[in-house]
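Chain lettering (A, B, C, D and E) follows the sequence in which the chains are written, and residue indices restart at 1 in each chain.
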Amino acid sequence: MTGFILETEGLTKQFAGFVAVKDVHLKVREGTIHALIGPNGAGKTTCFNLITKFLQPSAGTIRYDGKDITKAAPHDVAQDGLVRSFQISAVFPHLTALENVRLALQRPTGLSFRFWKAEHVLESLNERARDLLEAVGLSEFVETPAVSLPYGRKRALEIATTLALEPKVMLLDEPMAGMGHEDIARVSALIRKVSKDRTVLMVEHNLEVVADLSDTITVLQRGQILAEGTYEEVSRNEEVRQAYMGTGDE
Amino acid sequence: MRLTKLALATTALVGLATGAAQAEISDGVIKIGVLNDRSGLYADLSGEGSVVAARMAVEDFGGDLQVEILSADHQNKPDVGSSIARQWIDQDGVDLIIDVPTSSVALAVQQVTSDTDTAFISSGAATTALTNDQCAPTFVHWTYDTYALSVGTGKAVVEQGGDSWFFLTADYAFGHQLEADTKRVVEENGGQVVGQVRHPLSTTDFSSFLLQAQSSGAKVIGLANAGGDTTNAIKQANSFGIVQGGQQLAALLGFITDVHALGLDVAQGLTLTTGFYWDRTDESREFSERFGERMNGQMPTMVHAGVYSAVAHYLKAAAEIDDDGGKAVVDQMKTVPVNDFFAENGEIRADGRMIHDMYLVQVKTPEESEKPWDYYNILATIPAAEAFQPLEQSTCSLVTN
Amino acid sequence: MQTILGIPAPLLFGQLLIGLINGAFYALLSLGLAVIFGVLNVINFAHGALYMMGAFVGWFLLTHLGIGYWPALVLAPLVVGAIGIVIERTMLSRLYDLDHLYGLLLTFGLALIIEGLFINYYGVSGQPYAPPQALQGGYNLGFMFLPAYRGWVIVASLIVCFGTWLLIERTQLGAYLRAAVERPELVRAFGINVPLMMTLTYGFAVALAGFAGILAAPVYTVSPIMGQNLIIVVFAIVVIGGLGSILGSIVTGLGIGLVEGLTRTFWPEASSTVVFVIMAIVLILRPHGLFGRPRE
Amino acid sequence: MSDRPAILEVRDLHAWYGESHILHGVNFAVGEGEVVSLLGRNGAGKTTTLRAIMGLVGRRTGAIKHRGDEIVSLTPDRIARRGIAYCPEERGIFASLTVEENLMLPPVVQPGGLPVEEIYELFPNLKERRTGASGTRLSGGEQQMLAIGRILRTGAKLLLLDEPTEGLAPVIVQQIGASVRRLRDLGFTILLVEQNFHFAARLADRHYVIEHGVVVDRYSRDDINQRMGELNKLLGV
Amino acid sequence: MSEAVMNLRSRGGRRATSWILAAIGLAIIIVAPLIGLYPVFLMKLMCFALFACAFNLMLGYVGLLSFGHAAFFGMGAYVAGHAVKVWGVTTVLGIFGGAVVAGIMGLVFGAIAIRQKGIYFAMITLALAQMVYFFCLQAPFTHGEDGIQGIPRGTILGLVDLRNSLAMYYFVAAIFLAGFLVVYRTIHSPFGQTLKGIRENEARMVSLGYPVARFKVLAFTISATLTGLAGATKAIVFQTATLTDVHWHMSGEVVLMTLIGGMGTIFGPVVGAGIIITLQNYLATMGSWVTVVMGTIFVICVLTFRRGVVGEILARLK
């Protein structure tokens, strides 16, 4: 039995006039795939932004890997191995796939502040970058600018970039959003593959994917946790069925 | 920057046919650059009027010299002024730079002209530094300076009982110098200075400065500024009821154009020191009327008159020695006294100061004024020897060595 | 003489009053800037130049057409507003889809053109413009002599600022404006001609600048550079107040005028710098300004 | 096609946001007094379709006929003036306006809009909150009611509703459903974008499924039950 | 703003073209004064070209428009002028000092303004620069309206007399080339790669663990230092340092140079500076019409010519 790598306690975020996330106690077990689901506007992305420190919580604490990161800066938690993706694909559009991945590889090298060094010192990272691209099936796109990749490939590139940082926890915000069946299958397989020795927390709408991949599911509604458990447990929950599938009326 | 090359054909080119024996004058032409403020707060007192005056001097000279006149706007910025001067000298072969109001610009130009052996005669600048620490063998200071102004106005006002002063000073070389000189005169004559405030060049709102002057309780508010700054300060002082409140304004440097701009209603009673008044003698009237014909009836300021006088004197000297080297011509100018409508028995001293009589004048009331531009009553003539800093006090290296 | 912290009381009160007068101009100008920024997302660098034009229109009306101050007080803003409308229609409106910085650059270029043209024709020394007959003279307030015209400046500017605030906060038209600031698209989808509204807003806001200009004409001399340095102070005020905040711009404008007055009494050398120092401090403590909402 | 005269007819509609081509030839029609829903997954182009009808996309081509007139080249305000009202996905409540100001904001474009009292009757919650400060202080459900309520005043007869149930509690969803049905009874024509398929299924007369920017299928109310499995797959539920 | 910038970037043959252009440029720099061009004009041009290149580092490569670069330019000039004239330090040291002080100011301004974006950043830098302007108006060492005048040109290590304008010219050329190379290297370095990442997708860079603000501040500091270098050199060339150098018109001028030349291109700012300085020189006879012409160019550039000369050429070549 492994411990919890990521925990939130009483996590709350208030925006002018309304509460987006309310008193959320989330526990993510190390080495699992944990999905966060719920209808649009339930606060999933806000949760993500809070955990990765892109937003400052109004109340509550966040613990990651035994440390309190409630007050940490977003780049610090990323350096500690808590790395996120974004809902809209987060590539560097006018850089090639290789350069995209290399930007992530470059960060831990400490080269990034060296404005007096020539660019080609980065070429030593190319091999590792190619490996990563291969791992996500992008070998043939190494020199392609990210902007001209098809949508699904962009998501794959994003995952390769994230993987380059060797994260302990990957937070994926709707990795399947806007994908066709074919892409979904590929990215699902990819997520399964990369989750081997790390933790994944993801927000996803596609319940099939969620059912297929996740060990634990947390259902959010209106900023609060509605239910938590395995897919079977959660899908049996009547409240969840109502909230998620909708009941119509009467 | 405005470099107006005047076509020579009709006016400035004199004696085309006789230009044969001018081996000593570089490229055969004497080029005079009129460098002054053509768009700013000193544009009225120098500006186009100085160009007109220089042109008249060239026409009147009539000798067998080829003369070309250039003009430019230095915008009262030292960097602009010095780079125009440099370019004129390096590229256009200018032999004489004339006028240059705004002391800071004149000092910058002085650096350039003394490095390049170019003659420089200032009519518009006021600071005495030009003939002291910063003096140069190529330089003549023609019309007035802060010393002369302070002797005239400072002394007269203290003698009338204005024995406590507060200065409103333009925050650059000229203002500082004028303030210091006047302070000395005031104190020598038994008055005291209770304070001063510095304002930036081209200030639009003097209200807070005037308020400080008012609360200082000084009897006299000395305006150590010039041109548009002076008229603005006087106008606003009027609206804040300062004179009605019992304080007296002393414009340390006032030009006839300032009085014209203010109108006699506001300006009446002001005491000024000037090097020239158009309505003083027949000669000055004759010049001024010719000047006025070309300037929509405007009468010349002392700067304009000085430019005419200086250019005429320069051309005479250059023709005499047939040379246009800066030091050579200035040396020649120093040997001959200046005698024209502007100066009687004027003399250019070793330090470059042209000394001549100055006049203490008072602005007429509207009732006293009988014709256009009839603005001054001459109260006293300050003899040349008293008006200017004695040569023995000069710190100019040309004198001390 | 009574003193406060070693400063004669009349001087202190006098400086504060003068500060308030300056603040009245700041408020009028920063209000216009805030409105333009709110609705068009443009930082109007030409605001200072248009303020100057307001003064010049007044001067021009007087010297060339013999039209006096009171009609000019209405005509000058109208003329400047019309010029603003032309600027918006022909140039600014073509930049809305681009980065907002282009609006700043365009209006910067316009400011150069306008100021350059006026300097060319009128020089920088300034033209005199006398206060109207009814407002000549002044009142002795005991601590200082207040020229009647300057008193009127405060009153007129407060009336216009308050009126604008009412218009924006309390009318249906104002509701359209406020809504358009938040979601211009949706407001347009409700059937409101938002581009027209933007044009009129720009026209109105620069008319405010024109009004400030004609109001300033008798106080300062009418000079092509009168708006040049003022505009940057007003920028700082808008940043301090919070970009786009109507009330913030008015209050901050008046407040900064007073602070400048105070500084002029106690540390005159710092009086032109103080507004920028305040801006830096505000930015460090409250990046979105005193009255602004945090931007997401 | 329904037997009723078409109030809105969309033919080969293409739409772009900047460089990205979102709609690739959408075809459908809405009859007078009908409730029609557009279904599809996230990013399929449902919202873009509504926005394209309102003229709120970067560029569009094709034909959009409203009561027989071509409106594809009109600006959004002209389109709205013809009596088409739009209720956006995030509800579009204005934070700087009070509840009442929000409600009164959209100008009346045609006679025959609902009087304010009737709107309050439809959404009683709003009446209680109308004097409250900012419109964004309302709960999600109240905001949705306000968003729908305010376009009823304008006299527009064709309502475009984008995901009115998004993020709302079941009980509120029921309330909204009842209101939409009332609106249909009052003679409004409604084009509805929904993710909550069950909600849409009970309200709409017909459904169109959009995928990758084209309409891929069409269901009548009666088809729904038989073809549920197929539909589930299409929607990826 | 960055859209146009990004379109200009292409790979491959660009590097070779750059080398050829660089060689031509170097040849022009060496020959120019020998074929009778006015050295003072050329020196002015190079000072402003360096200024524009430094400025472009922020606008073109970080995507932040600073409207306050005159503060660094002017302060570089004042510090160098004061050090050389009053303290009597050597010319090289004076110029170095000017650059360092400007760099430190850049660090401070950066720390205050860098978290803001777009217009906010522009306005704040403008206001901060205006604060510096007023400081320079008041501070005794700048001599207010008078400026620092008569700065001696001095010598290089006592060997080369810089009063000789040809010697001064090659000295300025060396500084310009050095500055230009620093800009070039910065852009094409791991740091430059990081800046590109930030410009393309800032949030993603944060999520990759980059302390984005620190990178921007460093870029701002480099830009300010080089700007100070340009200002200091200008002060030595013209032997004056005045308020013109810190006035916001100067900030506007450098924006215009970069815009007309092509922001986000290596040579754009140089070309832009060349165009503007030449234009100012030839239009000098037109008095204050110069301002009008500058403004008109500004408006035309913004409305129709946003890629600038070099940007336009590159786009055509593609």
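The rule we apply is simple: a residue touches a chain if its C-beta (ideal position, glycine included) is under 8 Å from a C-beta of that chain, and two chains touch if they have at least 3 such contacts.
Protein names from UniProt, one per chain: A = Branched-chain amino acid transport ATP-binding protein LivG; D = Branched-chain amino acid transport ATP-binding protein LivF; E = Branched-chain amino acid transport system permease protein LivM.
Everything quoted here is computed from the prediction, not taken from an experiment.
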item: A-D against C-E, pair bridged by the larger set of C-beta contacts; value: C-E
item: Furthest chain, CA centroid comparison against subunit E; value: D
item: Furthest chain, CA centroid comparison against subunit A; value: B
item: Between subunit C and subunit B, distance of the C-alpha-averaged centres to the nearest whole Å; value: 39
item: Centroid spacing, where centroids are CA-atom means, of subunit B and subunit D in whole angstrom; value: 79
item: Chain centre separation in whole Å, for subunit C relative to subunit A (CA means); value: 48
item: Interface hub residues of subunit A, defined as touching at least two other chains; value: 16
item: For subunit D, residues contacting two or more additional chains; value: 95
item: Contacts with 2+ other chains: residues of subunit C; value: 119-120
item: In the complex with subunit D, residue positions of subunit C that touch it; value: 172, 175-176, 178-179, 181-183, 185-195
item: Touching residues on subunit A, where the partner in the complex is subunit D; value: 16-18, 39-42, 174, 177-178, 180, 205-208, 221-222, 242-243, 245-250
item: Residue ranges of subunit C in contact with subunit E within the complex; value: 41, 43, 91, 94-95, 98-102, 104-106, 108-117, 119-120, 229, 232-233, 235-236, 238-239, 243, 269, 272-273, 276-277, 279-280, 283-284, 287
item: Subunit C contact footprint on subunit E (complex, rising order); value: 1-3, 65, 67, 112-113, 115-116, 118-120, 122-124, 126-128, 130-131, 134-135, 137-138, 248, 252, 255, 259, 287-299, 301-303, 306
item: Partner subunit C, residues of subunit B touching it in the complex; value: 38-44, 197, 202, 204-205, 207-208, 211-212, 214-215, 227-228, 232, 235, 239-242, 244-245, 261
